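One structure, as structure tokens, below. Some questions next.
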Amino acid sequence: MNKAFLFPLVVVGLLLAFPLIEMDARDYILLILFTLFLNIVLAQSYDIVGGQMGYVNLGHIVFFAIGAYAFGIFLNAQLGFVLSLIGGAGASVVFAALISYPFFRLRGAYFSLAAFGLVKLMEYVTINMGALTGGSNGLKIEAGDRVVPIFYLSLAVVVAVVICSWLIGRSQLGLAMKTIREDEEVARDFGVPVLKIKVQALLISSFFPGLMGGLYTWQLQFIDTDQVFGLKIALTPIAMAMLGGSGLLIGPIIGAVFLVGVEELIWTQLAQVHWTVTLLGYEVDIGQFAHLRGAILGLIIVLVGLFMPGGFARLPPVERMLTRAGLMTEDK
Amino acid sequence: MEFTTLVQVIINGVLLGGVYALAAFGLSLIFGVSGVLNLAHGEFLMVGGMAVFLLFDALQNVWYVNPFILVAVVAPLFFLVGLVFEKALIQPLTQRKEHVRLASAVLVTLGAALVIEDVADFASRGSQYEKSVDFFIPSLVIGEIYLETNKLVMFGLVLILIVALFIFLRFTYVGLAVQAVTQNRRGALLVGVNTTRINAIAFGIGTALAAVAGGFEVINSMVAPNIGLPLTLKYLCIVVMGGLGSFLGVALGGVIIGLGESFLGFFYPAWSQTVAYLLLVTVLLIRPKGLFGK
Amino acid sequence: MSAPLMSVRALTVNFSGLRALDRVSFSVNPGKITGIIGPNGAGKTTLFNVIAGHYRPSGGQIIFGERNITGWKSDRVCRLGISRTYQHVRPFLGLSVYNNVKVGFLYGHQAVNWKQKELSQEIASMLEFVGLEGLGEKRAEELIPLNRKRLEVARALATHPRLLLLDELIAGLTPTETLSMMETIRQINAKGITVLMIEHVMKAVMGLSDKVVVLHHGEVIAEGSPAQVAGDQAVIDAYLGAQH
Amino acid sequence: MSTRNQNDTHQFGEIITRRKFITLASAAAAGMAVIPLGGSAMAAKTEIVIGATLSQSGRFQGIIRPFGKLLQVWADGINAKGGIYLHKINKTLPIRLVIYDDQSSPPTALKFYERLAAVDKVDFFMGPFTSFITNAALQAAVKHKRPMFMVEANDSAMFEKPNRWRATGLSPAKTEYTRVVQLLAKKGGVKTFALLSRDSLHENQAMEGFGEMVKKAGMEVVYQKIAPKDTRDFSSIILAMKQSKPDVVFIEWIPPPGNIGFLKQARGLGLNPKDVVVGHAPVPVIKALGRSMENVLSALYFFEGDSPHHREFFAMCKKAGFEPWQYSEAGIRYVTFKRIEEALVTAGSLEPEEVRRAMWQSNFSLYNGDIRIKTDKKGYGTLHPWPSQIKNGKPVSLWPLSKGVEIFEHKNGQW
């Protein structure tokens, strides 16, 4: 048990100390880490419903978007930062409560698609409610330099979502969610109050993206619907969770670290390299192929879907390594 | 609203809905047979449109080809593309447990969509980002009502394709097998249907239909690398609204959304693009399995 | 003779025009084993699914104890004391054997606040009872078919049922396995749990049941002790008809 | 990608060996990402580092893709003369550019501007494309106190609050089509206008401004609507427009999905106004409509002429591999280059505060004095696009106004 806590504690400790280091690139790294935290929170909270309960919620980003907008609206109404942040998350949970009953009448692909449609629906509703949201003019809040506080706050949300997800995994609620994933009809036959469990899971999973949405607005200070409802933003965290290992606590984290890491470390760097080769008489600059990162990202996602349905974390060697480090939480 | 205006709005909506239904048919066929939501469907539409554009552009100075003929040339190629795509990416998933298959299919087809979009984006660097062919036949004018000839031809082709598809599904062995698999996969397997082959054929047909729709887009409007996912989503709305696997539902869903967009476009254009998603959610909440779902 | 534990009265189920059950009536006596037999397609599994609350019957009533449970949702039926196994076994494949049983304990009956330690002991003894000792940490999908059936029994028993519905538990087992499973059913019954079982294996039904109900084309054509039923002309016709 | 000056080209231009590449890549993978490849010390300045992001992928690549090359052409031109003379430190310093791809996304842009400031230590920021992305990028400028010339961001949302670190060359979005309206008013013969914009910050403001100017000029707006960004079928909008009987139809839509669909369908559905104004008509639009584009009005960020500035601008575009009208926003870039050069020369040093002040005080003229480039109190510039009309598949500029009115022909519904 000690071993299992040691590693995360060390990581969080190092992250806590990092902003204290004096270096030029500090804020740049903090921004990358913020992107990472954002994705971990979205992927991890998605996985509460998507991985533990088996409902592939393609509309998870809506909670984030509602959090982002509600935070901005509350902040501009002079509610103060803390209240606005809580209000943003609250709005997201309320929205989850509103949609939970009707949406959970749907199963499997129908649920996923209706949720996916909800992303676009809410995007247009947001645009057309200009009086509240600023419509396509965007929502703007007071400017300021917030890189460091944002970093700590988002780290706190990451820790919270991971702990929450871990507790759920060990709880009676978590067991019920897993039975729903395995076979909803049988779960019900054995007394699991299916609807109640599903609603609880959705409410929990909507809280964290709501919080993170507020932080995102606070950070970017000027948001529009493209940024918070965009289809790629909607789908990447889900891909991350599946990539790392859906249903495992460590899975979404691995997925997010991997994708954000690949993006930052390899492509940003490779794009700076001018490695010219002569190919069939043409001068080809290899560096420009760094612009194909979207394709390579896609390819990785395809390969995982094809060959590793359990994600990286369930690959036997990785699994052994994680088990040795005590990071492989039970999901049976 | 005057009567002629009403007629014109309805005609616009139906013509639009016909083209929607065409692409959505492909998606519905694929889902019905393989149980896979193909998130790359819109990308095939986009690439199909690009193929028509590239052929048109390359031939333009040699001899002027009617782009509709190019659509007919491109469609069979995309049948093959669909076969290969299915063989390589979808077939390995079919044996998995349902919720795993759903998740894996999302991953695989989404990944494929990203790859296709990004490669198209990258390939557009040397040329133009939006692609559209210059092709126009004067419209038919009856009184105050304008019938765009391009769209009429498209609608006619859509009808022919749909009838052909219907005949194929009703009267050929492969077609009957496709229906059998759609209705009951295990049962079809038990009576000796080669489901692997049927899957591939359904994917081929679906992809070819997407490419045809892409050709229409390039004639009537334009295609660009980033149009794929939003279109996929709209077609998914149509398919799900009609009821997964129901062909009648798709045709009706397409026309309903076409009409909805047409009417709102006339009065409140700002809401016109919301129709599909609003209807999707509303219909599912009232009938959780779509209009014609079983 | 005491009042029946469950009585089914004129139960009718229609599936889009097709009548799957037609005014089925019979009763299950407390503490006994009741068998249901009938040719394929007679509506046996449909009967179970209606009792368990999968679908609402088109007509008729199900009375359990004092209560009319017609149309209850399956989770409520389970908590009231009716539990089941499936013809095609359906354990939670991705969960451990231990957790499969745990679900039954936690959700399957009313208001028991388990202490963690007590619960583990209960689960362990339950696994031992059905013959799965030492397999608790395995995933259900790693079990052989026989053990999957045992797991289903354990999960059903974990809900502390008053009535246990067994759907073709014995079908497909080897003769030795059959004997051991029959023994298990007897032991369950000996604990005071009423059993209602669908079975094709005549030897088992006749050997275990106190009473047998025969379904044919959705109708009850005979009801009585095994010996009575075996001699019933309608039953013989039904089976012969089914075989030809 | 990064573009680099000629001095650097000598180092980087030679083929990097495979091993070197692998070492680089693995070093990067090992977490060295943050350490700049050619770290510039804070000590004695040897070059002027200018940083920017360009949308080289994503939605906006179609409009601004070749500007990376254009930037390089500009920098090379200056460096060929040895660089820019900074009188306060009495040195002539070459320019080095550092450019990243912001993928048409604000958070990505913010991250890269932060990197440009902290890691690449640029002296001067060139802004990205669109207000949303610029606003995100501006945070880095303010925090690190580096002047930012906002190349393409002129929406009022950016200018509500004063901010000393930014200025732009463009006039407010609402006044974007001043000269087009002027031309139409002067030519006469049109009275009623139908306006449509894509639902987004910039397009909406430009359309609103267009409508206001039309009314001020004594003409009438009979249809004004906003259409959602994904609209591909315009049939019903066109029908409604048609019923309002406009003389002029104006569509403001930054592609894609573009205004191609609108124009094609307008042609098919018999919307035949006296004039059609297409706010953005890049090559794909002209190509897609073919002969139907004849006499369609549009706007260009330059006009034909023969001043030294004209000659320089045309030569730069040629070197970058395109004709100016193919990427009309090149004109904005050119003004930007001139403003930056002027600011640096005036400041005479690389002290951010001095460069910033010089950027704001800028006041000189371009194109034979046709535009005076200066900054108003809010930070707006004075650049409006000039009207043009498509003739034989190519925009012909309708400027100066007197000459423009002569060349200008009404479209008269001839598709």
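Should a chain be cited, it is by its letter among A, B, C and D, assigned in written order, with residues numbered from 1 in that chain.
The definition used in the following text is that a residue touches a chain if its C-beta (ideal position, glycine included) is under 8 Å from a C-beta of that chain, and two chains touch if they have at least 3 such contacts.
Just so it is clear, the model here is predicted, and its values are computed rather than measured.
Novice: Pick the chain whose C-alpha centre of mass, unweighted, sits closest to the average of all protein C-alpha coordinates shown.
Specialist: A
Novice: Roughly how far is subunit B from subunit D, centre to centre by C-alpha average, rounded to an integer in Å?
Specialist: The answer is 36 Å.
Novice: Can you work out the whole-Å distance between the CA centroids of subunit C and subunit D?
Specialist: 75
Novice: From the mean C-alpha coordinate of subunit B to that of subunit C, what's the distance rounded to whole Å?
Specialist: 48
Novice: Listing for subunit A: what residues touch at least two other chains?
Specialist: Within subunit A, residues 124, 127, 181, 291, 294 contact more than one other chain.
Novice: Got the subunit D residues that touch at least 2 other chains?
Specialist: Those would be 57, 199, 226, 228-229.
Novice: Can you list every residue of subunit B that touches 2 or more other chains, as numbers and ranges?
Specialist: 118, 121-122, 230, 270-271, 273-274
Novice: Once you draw an edge for every pair of touching chains, what topology comes out, line, ring, star, complete or other?
Specialist: Chain contacts: none of line, ring, star or complete; other.
Novice: I'd like to see which chains touch which, written out pair by pair.
Specialist: Touch list across chains, by label: A-B, A-C, A-D, B-D.
Novice: Once bound in the complex, which stretches of subunit A touch subunit C?
Specialist: That would be residues 172, 175-176, 178-179, 181-183, 185-194, 330-332 of subunit A.
Novice: Can you list the residues on subunit A that touch subunit D in the complex?
Specialist: 24-29, 31-32, 35, 124, 127, 135-138, 140, 143, 145, 147, 220-222, 224, 226-227, 264-266, 268-277, 285-288, 290-291, 294
Novice: Looking at the complex, which residues from subunit B come into contact with subunit A?
Specialist: 31, 35, 37, 89, 92-93, 96, 98-100, 102-108, 110-119, 121-122, 229-230, 233, 236-237, 240, 244, 270-271, 273-274, 276-278, 280-281, 284-285, 288-290
Novice: Under the stated contact criterion, what part of subunit D meets subunit A in this complex?
Specialist: The contact residues of subunit D facing subunit A are 1-2, 12-13, 15-16, 21, 24-25, 28-29, 31, 33-35, 37, 56-57, 100-101, 105-107, 110-111, 114-115, 118-119, 121, 132, 135-136, 139, 142-143, 157, 160-161, 199-201, 204, 226, 228-229.
Novice: Which residues, counting only subunit D, touch subunit B once they are in their complex?
Specialist: 57-59, 61-62, 65, 196, 199, 225-237, 239-240, 243, 255-258, 260-261, 264-265, 267-270, 282-285, 287-290, 292, 415
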